[in-house]
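Single-structure report; data block below.
As written, the chain order gives the labels A, B, C and D, with residue 1 at the start of each chain.
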Amino acid sequence: MVVRAAVAGASGYAGGEALRLLLAHPEVEIGTLTGNSNAGQKLGALQPHLWPLADRVLEETTAKTLAGHDVVFLALPHGQSAAVAEQLGPDVLVVDMGADFRLKNAGDWERFYGSPHAGTWPYGLPELPGGRAALEGSKRIAVPGCYPTAVSLALFPAYAAGLVENQAIVVAASGTSGAGKAPKPNLLGSEVMGSMSPYGVGGGHRHTPEMIQNLSAAAGEPVTVSFTPTLAPMPRGILATCSAQARPGVTAETVRAAYEKALADEPFVHLLPEGQWPATASVQGSNAVHIQVAYDEAVDRVIAISAIDNLTKGTAGGAVQSMNIALGLPEELGLSTIGVAP
Amino acid sequence: MVVRAAVAGASGYAGGEALRLLLAHPEVEIGTLTGNSNAGQKLGALQPHLWPLADRVLEETTAKTLAGHDVVFLALPHGQSAAVAEQLGPDVLVVDMGADFRLKNAGDWERFYGSPHAGTWPYGLPELPGGRAALEGSKRIAVPGCYPTAVSLALFPAYAAGLVENQAIVVAASGTSGAGKAPKPNLLGSEVMGSMSPYGVGGGHRHTPEMIQNLSAAAGEPVTVSFTPTLAPMPRGILATCSAQARPGVTAETVRAAYEKALADEPFVHLLPEGQWPATASVQGSNAVHIQVAYDEAVDRVIAISAIDNLTKGTAGGAVQSMNIALGLPEELGLSTIGVAP
Amino acid sequence: MVVRAAVAGASGYAGGEALRLLLAHPEVEIGTLTGNSNAGQKLGALQPHLWPLADRVLEETTAKTLAGHDVVFLALPHGQSAAVAEQLGPDVLVVDMGADFRLKNAGDWERFYGSPHAGTWPYGLPELPGGRAALEGSKRIAVPGCYPTAVSLALFPAYAAGLVENQAIVVAASGTSGAGKAPKPNLLGSEVMGSMSPYGVGGGHRHTPEMIQNLSAAAGEPVTVSFTPTLAPMPRGILATCSAQARPGVTAETVRAAYEKALADEPFVHLLPEGQWPATASVQGSNAVHIQVAYDEAVDRVIAISAIDNLTKGTAGGAVQSMNIALGLPEELGLSTIGVAP
Amino acid sequence: MVVRAAVAGASGYAGGEALRLLLAHPEVEIGTLTGNSNAGQKLGALQPHLWPLADRVLEETTAKTLAGHDVVFLALPHGQSAAVAEQLGPDVLVVDMGADFRLKNAGDWERFYGSPHAGTWPYGLPELPGGRAALEGSKRIAVPGCYPTAVSLALFPAYAAGLVENQAIVVAASGTSGAGKAPKPNLLGSEVMGSMSPYGVGGGHRHTPEMIQNLSAAAGEPVTVSFTPTLAPMPRGILATCSAQARPGVTAETVRAAYEKALADEPFVHLLPEGQWPATASVQGSNAVHIQVAYDEAVDRVIAISAIDNLTKGTAGGAVQSMNIALGLPEELGLSTIGVAP
């Protein structure tokens, strides 16, 4: 089977990471690359790490340039995916790495994104209950946000097992690539190196409703999330520190058992041995998720911490994993669980 | 007034930072420098940034070498301060930058530090209610831990004003200098650069009882703290993200008003304009504390975030500030509120 | 004596650093702050580390807003200083932190900067032979470039003493603040963290003719410079590795002696003890220059390495030092030789 | 073909990188892992990024534990490889990632390493003239040092084509992993972040004679090298800035042509398009070498700059590439030319 794949938005971080992974995928052949503001330029000037594609020229993002592929990965600004997807037709697998089709609740979408809701596509987080079934054979995939990936995987076992109360409190640190490649003063190296800073505090981050959607589904009842993202002085990685109040009767043992059960067969989620905590460096460049969980008796809370690479499992790796499932390929094909460390 | 100051433990990060600040203090003359394992070496080989002291030779930490000073700063491993302080006599101002005399509850000390409790000294966080009075004229000062400094300043206004419920949830990121200068594999540059990782998760960190002590005092009733520290890829700085459930009737306005009132006259604590959040780079090398607070209506929580330099306000700056008060000098003498950024 | 100082271009890195230093200067009172594209904004939103000036509002850069000061610091884009300086009149001390008045040779200026030469002002590097005399009483100062500061101080003793042949080879690493605060994709934190890269290779960097000018003056004959700058993953600092072929008869001892003699009385230049090499962290935020030199017998070359903070000694610190000399103040006033490390 | 491979010294950076690459090699099966001081521990506690091997237990480095493999990779401290190799017998392919067998000149070895010379093995830099032939069928491989890899590849085309004079001047910046995992104060994250510093200045670095050996061989006559290594604040990567005086008649065109010819068919060496300079991030985690070269007419020098990942092409990637050649496998098997960026 040869899967011919196009990437729209190939000059940004999500598109570049998709290409990095697709180049290593044994069944994928890379077709059209597009990038509107950079159309006409060689990819080598924009993504010098993607040597095998250095001489490829970026095209405009149009129905015509994207025609003739089995899969089209969209790494476009929010709000642009619907129009492109429509033109591609129902038989092409469209994998949207943007936010447009993640949320089920139109009101949430409008409140957080300020534009009309485009719809909801099957959600590309196979590890969630029912996640794989939703993706099998699908021709449309909404790739989760990077923070919701890290947070949902850290907490869904606790909610699914009924171990914790409904309010989750999350403080997460992200590498700067999560903020994209469009230059802004606060993202300059001079500003971020040596500095930690929060943003979108107080419920303002757009990924909040997506976390609520996932955890509520796992819990079978409404869950609220207090989410504070912080920008960390590193290019990649998310460390999500998540906690929730334990329900009566919860012990360290029941917590461990629930996580072991929920994550046992997951090819990309590694519940670390007891006492070992995750570090983002350990998953750098890989599709792995490292998780540890503890029950803190003094405060009666379950604390779960996950580490992912925001660009890999948090974006393009999750996209390729979901593509594999949708196409009936082995889920792990072309993806690694080995981080580039140190 | 000339204050003759000695620093015991001058080769480490806390001792070095004390010297950096004391060199800029107009009333201080630097006397003996000690450093047991490095005794006999020139300071210039160990702390090359302290050029004016480059030719000073480190001595052993003994009653004799430390005699004849008005102030002695102790930057010693935990458990060693009591014996040294005893030998210095009651008329010398002893400023302990270690943990030995911070905790009031002997049981807490023993549980977290595993050794007999040495006692309790006036606590060097003048911004807390009653904090200055406790230091005036004192001959002994227990300098707070770096995390408790950041967390207590972020949350005491909320607890003192009765705005929040008793459980505080804190996730803090610290620069690596907080872990000291003794080389360990996990502190290597190769390990920490590009990586975020938690440690002491689940209530295990020794600074937890100190936070509880401070916030309980501010609240006038027991407060519990869920504390998760993380190691961030930067040399200095703490960003503490703190939250607690709001009590009935709390609004964004009452929260802001309480913080403005509590922090208005503080020379080193800067409540940022609404909407602006702190960054550790902005306080680097300074004694400033940048704080912002918000009320998140969706989750009914007060979220307060503070940024400090762990070595300055979090250790040696707090020590000098407290020394100034104890000696009757202007509190701000020799200390800056201007960070070294970018 | 109260010196009233204005800073034009206060929102950028050079302007911000000037303000950081001027705030600590005992004889300076800070007047007007300007910043064209940010006029009308509070400084606190742009330079949050400069807390004491947080409520100052930026004005337009005009003759009117800058009138009434004893000193005006210009941190403007290249080519804009001449017009401003003219309007300020001959009695105001104008300190230009841009490049406009550094080069003596109009042809060099035109070739490297592509615009008409505005003239030459006294050069603000007091440590060069004759450097102080040129500044005393002057009303115009051209502050050197950051690289020429580091390179000229590392090599002028060798050239002045006739120890080396005329071609100097320099490879220097700079922190990213040297590239300014205007956002560009290649300066994003995501791009620079974890990466070293050269730029302006092959003689193209605009600081090259300035180095040639300084070293030729020291040598008393034409010196050529092969200069390769590299961008390092740090916000501040320059490490300049400089070498030149030794002349016959040179030994380790003659080299050391020449450097000791040339640098002995310099308040800001620290020739390190033999065997100790400079590190940029040791001079961070200070006006200090750390230098070491060696004679490598196997290749018959003198190797001199200097570390400076590009924003302090390399820009705003050198500016304040030169201002002190021009105004007849003690040269070291308001400036530190102590780095912020670690 | 299944190649059974053991790694001696699996807990360090070189051994860990070898395992990371071998895990992705389609013909390799990983056998014994040893690590003397960590024998008995699980690899997951020491190298958490190598998830598939997390439960493997480290053994002692002995002839017995290493028996029964087709290939043994040695990542041992200098001086220990000879004894181990002897015990393994002549039919096992021994790939030494240490220095022991790199130098041909026993005097050089003794002068720089201070111990008796163990001998010389075929040198694992296939890109050098005659490099592949020396490795084909060999049962012993001396993997080059990381700096000599970067420098030799940058300069051999110029020397082989007779374009430059004999003295090469090299200033290289290395990530901290090049200094290994043994904890030392100067390698702490607190020390290296935000700092550039040189070491081994003046010809003292042990990699100097290896560069001389390679470049002299390419030139067909003795070449001397002035080499200054610097430590950069990043975990991985080497940027080598190399130059030499041009011989009469050299032009930009002849230089470009020589590099194009020398590097045209190299699967891992990428001569960048004119005007584009290498960055270490672009080769992170890959076996790629990015090179650019220029002729600077003003100083009559050829300047060649290379970027490699010190642990991949500079150590373990070069080792696997050489193993592939020695075993008759396709040279690129299991190795990538795609960097992990940003």
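The rule is simple: contacts are C-beta pairs under 8 Å (C-beta built on N, C-alpha and C of every residue); 3 or more make two chains touch, one makes a residue touch a chain.
Since the model is a prediction, treat every value here as computed from it, not as a measurement.
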Which listed pair, A-B, B-C or A-C, duplicates the contacts of C-D in over half of its pairs: A-B
Selected pair, greater C-beta contact count between B-D and A-D: A-D
Gap in Å, rounded to a whole number, between the CA centres of chain D and chain A: 35
Between chain D and chain B, distance of the C-alpha-averaged centres to the nearest whole Å: 45
Where chain D touches two or more other chains, by residue: 13, 175, 177, 181, 188, 190-191, 193-194, 233-236, 278-279, 281-282, 284, 341-342
Partner chain A, residues of chain D touching it in the complex: 13, 16, 20, 23-24, 42, 44-45, 47-52, 54, 177, 181, 193-194, 235-236, 270, 272-273, 276, 278-279, 281-286, 288, 290, 336-342
Contact set on chain A toward chain B in their complex: 167, 169, 171, 173, 175, 188, 190-191, 193-199, 201-203, 224-226, 228, 230, 232-237, 239, 241, 243, 277-282, 284, 292, 294-299, 301, 303, 305, 307, 341-342
Chain D to chain B touching residues, read off their complex: 13, 175-177, 179, 181, 183-185, 187-194, 233-235
